[in-house]
Amino acid sequence: MSGFLAMGGYAPYIWTAYAVVAVWLTGLGLVSWRRMRQLEAAADALRAQRRAER
Amino acid sequence: MHRFANPARFLRLARLIQPWTAAAMFACFGVGLYLALVASPIDYLQRDTVRIMYIHVPAAWMAMQTYAVIAVASLVSIVWRHPLADVAARAAAPIGVAFTAICLITGSLWGKPTWGTWWVWDARLTSVLVLLFIYMGYMALWSAFDDRQRAARAAAVLALVGAVNLPIIKFSVDWWNTLHQPASILRRGGPTIDPSMLKPLAVMGLAYLFFFITVLLMRMRADLAAQRLEAAAERRVMAQEVPA
Amino acid sequence: MLRLLTRELRLAWVERSGGAIALIFFLIVVSLFPFAVGPQPQVLARIAAGVVWVAALLACLLSLERLFQPDAEDGTLEQLVTHGLSFEAIATAKIIAHWLTTALPLLLLTPLAAILLNAPAASWGLLAAGLALGTPALSAIGGVAAALTVGLRRGGILISLLVLPLAVPTLIFGVGLLDPLAGVAALKWLAATTLVALSVSPFAAAAGLRAALE
Amino acid sequence: MPDPESASPLTVTDLACRRGGRLVFAALSFRLAAGRALLVTGPNGAGKSSLLKLLAGLLAPAGGTLERPGHIAYLGHDNALKAVLSVEENLRFWAGLSGGAAVEDRLARALDVTGLAALADVPARLLSAGQKRRAGLARVLASGAPLWLLDEPTVGLDTASIDRLGPAFSAHLEGGGMIVATSHVPLPLGAPEQLAMGGR
């Protein structure tokens, strides 16, 4: 296992690179997902309320 | 109100395929990471640092693909004035920025062990850097307007102008690079990709692609919902202005 | 005054695309130099400090035009005065807000710019320290120029013309900080220049705002 | 409700105003007691707005003396609304700056009187001109200042909105407050004193 982590001595660079990708993509993914959920929930609630008024 | 030409149809479609693309994304990332980190052979010359290539090169591909999507969407927006095209273009930009930034950062992390400096003005990396600035200018233009129609129109034109200029920029940077090219700099990661490396690259590329589609759909749905909320606020203002 | 400052920061956060434009501009200007002088690391390393400073200076100028102009146009400036805020307090709050929303983020980006210009890691500290100490003077001088040009049609260009000559000492001492011999002296002069700018500018800017309300 | 004891009367003795080198008016004297309203009339360019700006402390008088309560609320031609902030955020900022007691319910009442309660969370950029003007008025109503200076307050307002202001104005006056206003349209100020300007 430690050989695997050592990455042939380049561990810091390789793992940092993968960490950057992981953090940026999951960050963007989660933010977009949360924003979608919140806005769609608000919009649907509004539509239901307007339909109730009609 | 052509602004909502047929978002209902798009929303149904998006809700349908989004789980599938998300699942495919996770699957490809799983397989890709396994292939990239565990299964693939060590490149005889660059040893383990080649593993960074598996996340660097697909990011460069996707950075270009995303801009192509924006350019096509902008063309559709200008020619057929389809409101969904603007929504798609605006939603794609932040994803493009993500891929471009990842490409640059991983490229820098790859360069450090190979050349001892964080940043090398290599032709390909430089072009990606310029692409990053174009993306950011595009996003800044979107948020510079209050009126959404004007913003969409301006952004579409900029995206097309950018698309026309990208090959010219690529050529000028390459020319600039060869102008100052001391022969000693090793041409990195060129066509010497042997077949065993192609698999992880392809799978990671697919993973990025599915990520792009999934997040694009999410951001489009969010933007459409935001537009509906804005319209509701405007209706409230209108209703208050002329008391029933 | 604090209440105005917090609102300025809130407004800057709501319209953060404006702030981001200055940061992107900073990185673009830094990236232009390698295209102009070639990518040789040795050449770039030598001019790195100067390039970062000029880019930071120009980036600070971008947001100055929007410092007082919108408030003068929409009546906010009038209201602040009738609510008892002195012109000096308004100018000080605006200058501090400008520094926090423009110069401070630039400081965080200097490592990136240093990497692009292959500046040796050892110089990053002095570069950031110089900017941290020098940019308040840029915000202060910029605040005065922005106040003097409120209401003018082509105020933006004029602001650059007014600020750049007055920013020469900050630029010289800021870059001078990295000079191995005169570094310490440069630090003292830089601090002095900033103190002078900070102490004079609220009153000069206030005079400009008072004239704008005539 | 403005606190009556701080509502010292507004006394102006041979006030002069010069703007951009031009003498706008001179030798202007009047006195306004607490609980009274003053309607300033006269042709455009007679200096009505300049007088209000002088009273608001935005301009330095070219001559004469001016005594007024420390705390004033001024409504000029612009409404000082930040487009990106909501109506409530805008008004809360100004009410906070005015300070004084019971900011919350002053704010609520002001929004109610101007009919903006339903739009409190809407960004100001979406509002119509009339609604923005009402937001400006709401700022004055919520200020709790004894002296209100209103420059053409009803521009862009429909008659219903203007009439709704009547009770708020009279409540302010009965509480010992003062109003100095300019307007081409009749204002619900009861029987205000008149000041004709620009008799050149």
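Letters A, B, C and D mark the chains as written, and numbering starts fresh at 1 in each.
The rule is short, and it goes like this: a contact is a pair of C-beta atoms (placed from the backbone, for glycine too) under 8 Å apart; a residue touches a chain by one contact, two chains touch by 3 or more.
Please read all numbers here as calculations on a predicted model, not as lab measurements.
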For subunit B paired with subunit C, centre-to-centre distance based on mean C-alpha positions, whole Å: 32
Inter-centroid spacing, subunit C versus subunit A (mean Cα positions, whole Å): 35
Separation of subunit A from subunit D, taking each centre as the mean of its C-alpha atoms, in whole Å: 51
Category of the chain touch graph - line, ring, star, complete, other: other
Every chain pair in contact, whichever chains are involved: A-B, B-C, B-D, C-D
Subunit D contact footprint on subunit C (complex, rising order): 3-4, 7, 10-11, 14-15, 73-76, 78-85, 213-214
Interfacial residue positions of subunit D with respect to subunit B in the complex: 83, 115-116, 118-119, 122-123, 125-128, 130-131, 160
Touch list for subunit A against partner subunit B, complex: 4, 7-10, 13-14, 16-18, 20-21, 24-25, 28-29, 32-33, 35-36, 39-40, 42-43, 46-47, 50
Residues of subunit C that touch subunit B when the two form their complex: 17, 20-21, 24, 27-28, 31, 34-35, 38-41, 115-116, 118
Subunit D-facing residues of subunit B, complex: 146, 233-234, 236-237, 240-241, 243
